[in-house]
Amino acid sequence: MSVRAQIGAVVVKDVRSEVRNRYAINALVMFVVTAVATILFALRSEQPGPATLAGMYWVVIFFSAMSGLARIFVSEEERGTALTLQLTTSPGILFAGKLAVNTGLTLLLTLSVSALYIVTFPGFVIRSPDIFALTVLLGSIGFSASATILAAIIAKANSRGTLYPVLSFPILIPLLMTVMNATEKALEGAAFIEAVGDMQVLVGYCLIMIAGSFLLFDYVWND
Amino acid sequence: MRSSSVKLDSVSKRFNRRTIFEKVSASVNAPGSLAITGRNGSGKSTLVKILAGVLSATEGKVSLTVDGHEIPRELLYQQVGFVSPYLMLYDEFSAAENIRLLESMRSGRRAADTEIDSLLDMVGLAHRRNDRIGTFSSGMKQRAKYAVALIHRPAMLILDEPTSNLDAEGIAIVRGVAERQSTSGILIVATNDSEEAGWCSQQIPLGIG
Amino acid sequence: MNYIRMSAIVIITYVLISGIAIPIVPQPQGWFEFPVIPGLEEKARNIFFHVPTAWTTVVAFLVSMWYGLRYLRTRNMDDDLKSEASAGLGFMFCVLATITGALWAKFNWGSFWNWDPRETSIFILLLIYGAYFALRSAIEVEETRARLSAVYATLAGLTVPFFIFVLPRIVSGLHPGAKGDPEGAGPVVEFKMSPSMLVVFILGLIGFNLLYVWLLNVRVRTARLEYRRSTPQG
């Protein structure tokens, strides 16, 4: 089908571009390493409990994502290729492609932060893998749905770097509070049934944000 | 040959409360051509972007009809080819990659190598086919944009300052492209050069008074 | 508008006087005595000011979002002026609701801020307003500014159901009406107030909303004048 091939082409273009330029990846990796190292310095030999660990886990993800995910639209705007994209594809297809790329990037980010946390924090033991896996998956999808459209918004504004977290934070709070809550349960080894409420919220958030940003993206992208 | 026509119906554009142009009307039926002339800042580029569906008009209506169907704005990209100095290609991809990626984003189809080669040959870039665009001079970039703009055989080809950065050979290539387009489809040229404007059968001047 | 202004002034004056002056007694008789609500006592009076300002905040936000969406359809700059004016007022009411809430929390819960779900929600609402104005000031072309801020307001609006319905139920809180609320204070939110309180409360809601409508009208008219004055002639 043509639409799927077109979306695929957007993804291929962005992934290949990322592989050659490493605009986002380098910033993300360095940010994650720096943030985790800072936390370790601050804690020294303290062993934080599950609530703190779950919170710090998502804090690192939030701020690293804020440093990297905006690139997807900012780089197009800065290089002047935004016009090229406007002339080559429809907003819906472009948004679907960019959303897929950002979701992949966020998943990669959560996975590497998880690996780093498991290695560096003895207290970060995933006792309920089912809750954890679903939280990370749904969290990444919802996260990138909001982050992608906000990236498109700030790409058209001045002072992008500071504006991005400012705009994203209020929109991402319901998601962040829920994923922190669910991650804490996963670290404590809760049964899946206890996290069903959180999962419902996450699914609802993902659906609302994906549908909403799809409808609104036209207005952001086209004059 | 497909029948197509484009119509500007008293189009105005205001931007930050400044009027760029007011009540511009024109129409072109294929095969045909239109030159948009005017000094710097008269809104030529704005008008061609409105024609390409990238900007919206503040007032008035633009419509492109192909084979009797009016093309909705979100699908204009399939029918329009666009070349201008401010259009950018991806520096990290080669000329052939740019053409292939942009074409598969546009139509979902994979352009054949022969197709890409013949286009690159036409614009005189065949020998630099696999070099990254980032290493190209501005004139070569401009040539590559023609290949990108023509691969989907657009019903309407829009050229904004068509010969900027080009050498004599490049200008000759562009003249050929313009001639073929104006005998097979719609050609729009935005320029302040009277010779380029002369390629077209109609002219509308912008920003008079 | 004159009627709206006059009624807003009269109603809010009445709510101010009666909300503060009507005595709270154990056995209320008639309209000029309020019942004692265990756990709230004299602090219950805050409901006449805090809840109406909080409601008006939400109303102003929804109005701002509605005009934003309308701008996206009509591309009429007047809709953007209304959207911005309403957001500005919403921010003002949001600050008022936060202050009245924090003062009340100090006396009822012991500290100004406890990160109760409702406090979190109003804090986020403040952040949303702040982000909205930060975005507006970062865009120079007014059409783009109008378009993007409308989109942002709508995106923020999409998260409102989570704050109103979801969070307070997930996270247990101290707020009257929230999960984990001590029994005595429940009736306040469930509208089982005594009729004498209900009258003042509803008048408060009406009064603050009328005040909002009147202020919005004034702000939109000034914004229109400013807009016309700064438009280049010719």
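A, B and C label the chains in the order they appear, each numbered from 1.
As a working rule, a residue touches a chain if its C-beta (ideal position, glycine included) is under 8 Å from a C-beta of that chain, and two chains touch if they have at least 3 such contacts.
Quick caveat: nothing in here was measured; it's all calculated off a predicted structure.
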| item | value |
| --- | --- |
| Central subunit by CA centre of mass proxy | A |
| Contact-richer chain pair [A-C vs B-C] | A-C |
| Computed distance of Cα centres, chain B from chain A, in Å | 37 |
| For chain A paired with chain C, centre-to-centre distance based on mean C-alpha positions, whole Å | 32 |
| Chain centre separation in whole Å, for chain C relative to chain B (CA means) | 52 |
| Contacts with 2+ other chains: residues of chain A | 223 |
| Numbers and ranges of chain B residues touching at least 2 other chains | 56 |
| Per-residue multi-chain contacts in chain C, two or more chains | 140, 143 |
| Parts of chain C lying in touch with chain B, wherever the complex brings them together | 75, 140-143, 230-232 |
| For the chain A and chain B complex, residues of the former touching the latter | 1-6, 8-10, 12-13, 16-17, 20-21, 79-81, 83-93, 218, 222-223 |
| For the chain C and chain A complex, residues of the former touching the latter | 72, 120, 124, 127-128, 130-131, 134-135, 138-140, 143-144, 147-148, 150-152, 154-156, 158-159, 161-163, 166-167, 170-171 |
| Residues on chain A engaged by chain C in the complex (per definition of touch) | 146, 149-150, 153-154, 156-159, 163, 166-167, 169-171, 173-174, 177-178, 181, 197-198, 201, 204-205, 208-209, 212-213, 216, 219-220, 223 |
| Touching residues (chain side chain B, partner chain A) in the complex | 52-56, 73-75, 77, 80, 82, 86-93, 97, 101-102, 104-109 |
